[in-house]
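Following are the structures in question.
Each of the next two complexes has chain A plus one more chain, namely chain B in the first and chain C in the second.
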Partner chain A sequence: MSKLNSLAISENGFIFKPSTGESFVTNEIGLFIIQLLKSGKKADEIIQEIIKDFEVDNLTAGKDLYEFLDFLKKENMTD
Partner chain B sequence: MSKKIYERPILRKVVEGIPNKFGSLKRLRPISKIDDVEIDSIMDTYGSPVFIISENTIRNTYRSAYRAFATRYPKVQFAWSYKTNYLDAVCRIFHQEGAWAEVVSGFEYEKAIDNNISGNKIIFNGPDKSKEDLKIAINNNSLIHIDHFDELNTILELRKELDKQPQVAIRVNMDTGIIPQWDRFGFNYENGEAWNAINRILSSGLMDLIGLHVHVGTYISTSKAYTIAIQKLAELANKTYNRFNTLISYIDVGGGFASQNTLQGAYMPATDTCPSFDDYAHAITSAMNEASFPNNEFPTLILETGRAMIDEAGWLAGTVLANKRLADGRRAMVIDAGINLMFTAFWYDYEIYPLHETSFQSEPTTIYGPLCMNIDVIRKNINFPLLNKDDRFVIKRVGAYTMTQWMQFITYRPNIVMIDANKEVHVIRKKEDKEVFRQQEEIPKHLL
Partner chain C sequence: MEKKKLNIAVTGLNNIDSPGPGVPVIRALKKSGMDVKIIGLAYENLEPGIYMPGLVDKSYLMPFPSTGSEAFLERLAYIHKKENLDIVIPNFDSELFLFIKFNERLKQMGISTFLPTLEQFEERHKDNLPEYARKYNITVPESKPLVNIKELENLPKPLSYPYFIKGKFYEAFKVSNLAQSQYYFNKLSAKWGLPVVVQQAIQGTEVNVIALGDGEGNTVSAVPMRKQYITDKGKAWGGITISDERLLKITHDIIKKTKWRGALELEMIKTDDGEYYLIEINPRIPAWVYLAVGAGQNLPELLCKLALGEKVDPIKEYKTGKMFIRYSWDLIGDISDFEKIIVFGEL
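Coming up: the complex of A and B.
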């Protein structure tokens, strides 16, 4: 099972990581990105999904996405 | 279908431990208007950053301070502390409300005269009064508060060439339980220096000693210090009457009242701990009423309150320049107002609010100013909503000492506007441009 799929994620953004017992919170857009990552989407595709659904430009969405991916990696939530 | 509002994705670890003493974080409510005027419209017209002063708040604060004292003591006079904010428009509001002027330099003295204050309503404080300044002050019958023996001797010398009898008071420093004790100003009470100064003044017969002045410190959050100060001044007034048959006509307790800005490192927010005008008035007027002054006559009580009178009326609106992550992962926000405009950020934890609802999340954030200096920090750590570049914010309670201690460093100083009682906005100090500096600079011929 991938690291992301091992997380317990509630609908309102509460994340539990069973491997360490740690808990996290994320917001609506963070949850949206995690769901897309879990479905196997690549960064470029995720950016397109974000700008389709949210009021944001390509540049900002990309900058924020890569920062968020760094967070996930730092917390050992992605492979 | 309209798109959803975007905010940056966040991931925050839930940390276990003892909850903080204030419970869960309250959401910062945006502030979009000052005195019913849209801050956005002010920024669109006058730029960013921009200082905004509320005339209504100044008048209301003055009136509540005056009411607190005047309802408890028969003779009360406020003097506006110029150094706290000497913009002419601000000074004139205080003068219209009935405040005299309290100045600490020749420059401030000139400003007071230009603001149509008559000489006998100017209190001239401070250690730096030139011979020329003193001459003008004596001729105008201003109240000269002598700071040291050298100044006393200068006045005695000037007296030989002037016809006017100088109207003087002495500044007295003393132990009131406040640390640090401000003993660099005035004459010390405990070691007898103040009594010596009174003897020198009155035995010369060359000036009128009409007042005693004490200033216990700044940002005094305990009103008891004033009680001790007044008891000691009453003691001096009695000794003066017994020996010279001279009545002291006023007691000036200076300023130093705290505002509702929280000092860095304070355990509780100042909004919960700061004494009100009524608390200060109760302590000071009770001491004045209880002290037995000579002949049972009440001297006039003069107050030079600065900070507590103007802090609340000043706002600073600005714009987010950038967001970034620091090396340790903390969030940092860079704004267009730094310590060049708010020197006071070194000791206050200023309250900062977004102008509009942008995000329901907040993150621990360090807020930096725009200067190329590591020390340009406006808030070291604040839970702040996720503002984006170009979003606007407003900083609360910046009326005191910002617009007098600000620096022209790296960039120009911005516009200062005032909202009047009719909600009209006026520029009261124009923003600087290169011409302002060109006027002051001269280039030697060989460099032209």
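Coming up: the complex of A and C.
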């Protein structure tokens, strides 16, 4: 199972990492990104989905995505 | 066929800020499918477990283990005569030696236990941890047992500040200079005797495993937990079950290599680099046992079955993300109960 799929994520944006017992809270956009990553979407596709759903420009969507990916990587939640 | 009622004696009823495992063990037994009568064995007349409503069916005061084996066995024989004990579950490190040493005598009396062998008990002592690690290929922090306070001034390298200074049976303090270490050396040696152990502090997350070995190398039960809240006495006041394959593998390996018999708790530090350091093996059920029950593994029930010679299939499943949070609660008792314990030694 991938690290991302092993996470327990609630609809409220509460993330539980079973391998360490740590928990995190993310916002609406973070939750949106995680769900898209879990469904196998690539970065470009995710950016387009963010632009569409959150009505932001390309630059903001990209910034949101890569900041969140950095966070996931830092917390060892992605492979 | 009607199930036989089991008379089970349990020690460790001191449900205080450094809690004994007795109360959660009893809660686990009452939650099991077994029909049980619980006999509480207490060393102090104010151990809360004696007075908690609906917890024990009967309580007896025991002489401290330091009183000597004769008084200890005599008291157990008296209690056995009155209660016809089937099983005893000792929960204090300081009493385990006597229970293990007189295991056969208890068996002859008709009382079953499921404890480590004397060799297993002795070789995992804090002061023997480096040798234990070499023998079983386990990573441990640098440590040294000390019998003289002067040794603190010239600890062998690579031991350096900060390190933990630990009592023979209980308690550990993190120290950063000589004055602190000398203070705690005196405190710990006066309370728990010698040696006092110095152990290098390792930076990381404290993770523990509760487990049960069948004495033939099989792990019957194992649940890992991360401490979420640690008291100033180093005790877990909150914890959460985790899914840590590596930690479980280390546990299975230790139980397999040592053929561990009985319950144990492995205290480990997981570093940011993913290394695991074993800091202590407690040869008994830990006070957070009820978390394992909540996660799906009733370890005290399994231990009782093993004590009675029943075959027990290993349980591998448990729920992750189960949490425990301790709390304190003021019980209101009556002086008449206290009087019975003081005057008659039983309630």
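In this text, the second predicted complex is superposed on the first by the 79 of 79 C-alpha atoms of A that agree within 3 Å, B and C clash if a C-alpha of one lies under 4 Å from a C-alpha of the other, contacts with A are read in each partner's own complex, and residues count from 1 in each chain.
Just so we're on the same page, a residue touches a chain if its C-beta (ideal position, glycine included) is under 8 Å from a C-beta of that chain, and two chains touch if they have at least 3 such contacts.
Given the structure is predicted, the values throughout are model-derived calculations rather than measurements.
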Clash or fit: chain B against chain C, after overlaying the two structures on chain A?
fit
Can A:F54 be said to touch chain B (first), chain C (second), both, or neither?
first
For A:V25 in the superposed arrangement: first (chain B), second (chain C), both or neither?
first
Per the contact definition in the header, classify A:Y66: touching chain B only (first), chain C only (second), both, or neither.
neither
Would you mind checking which one, chain B or chain C, touches more residues on chain A?
B
A:A8 contacts which: chain B (first), chain C (second), both, neither?
second
Rounded to the nearest 10 degrees, how wide is the angle at the Cα centre of chain A between the Cα centres of chain B and chain C?
90
Could you tell me how near the closest CA atoms of chain B and chain C get once both structures are overlaid on the shared chain, in Å?
6
Can you list the residues of chain A that touch chain B in one structure and chain C in the other?
22
Listed in rising order, chain B residues that touch chain A in their complex are 3-14, 325, 329, 359-361, 388
Residue numbers on chain A that touch chain B, as the complex places them
15, 22-30, 32-33, 50, 53-56, 60-61, 64-65, 67-68, 71-72, 74-75
With touch defined as at the start, can you tell me which chain C residues reach chain A in the complex?
205, 207, 225-226, 228, 239-244, 270, 320-321
The chain A residues in contact with chain C across the complex are 6, 8, 16, 18-22
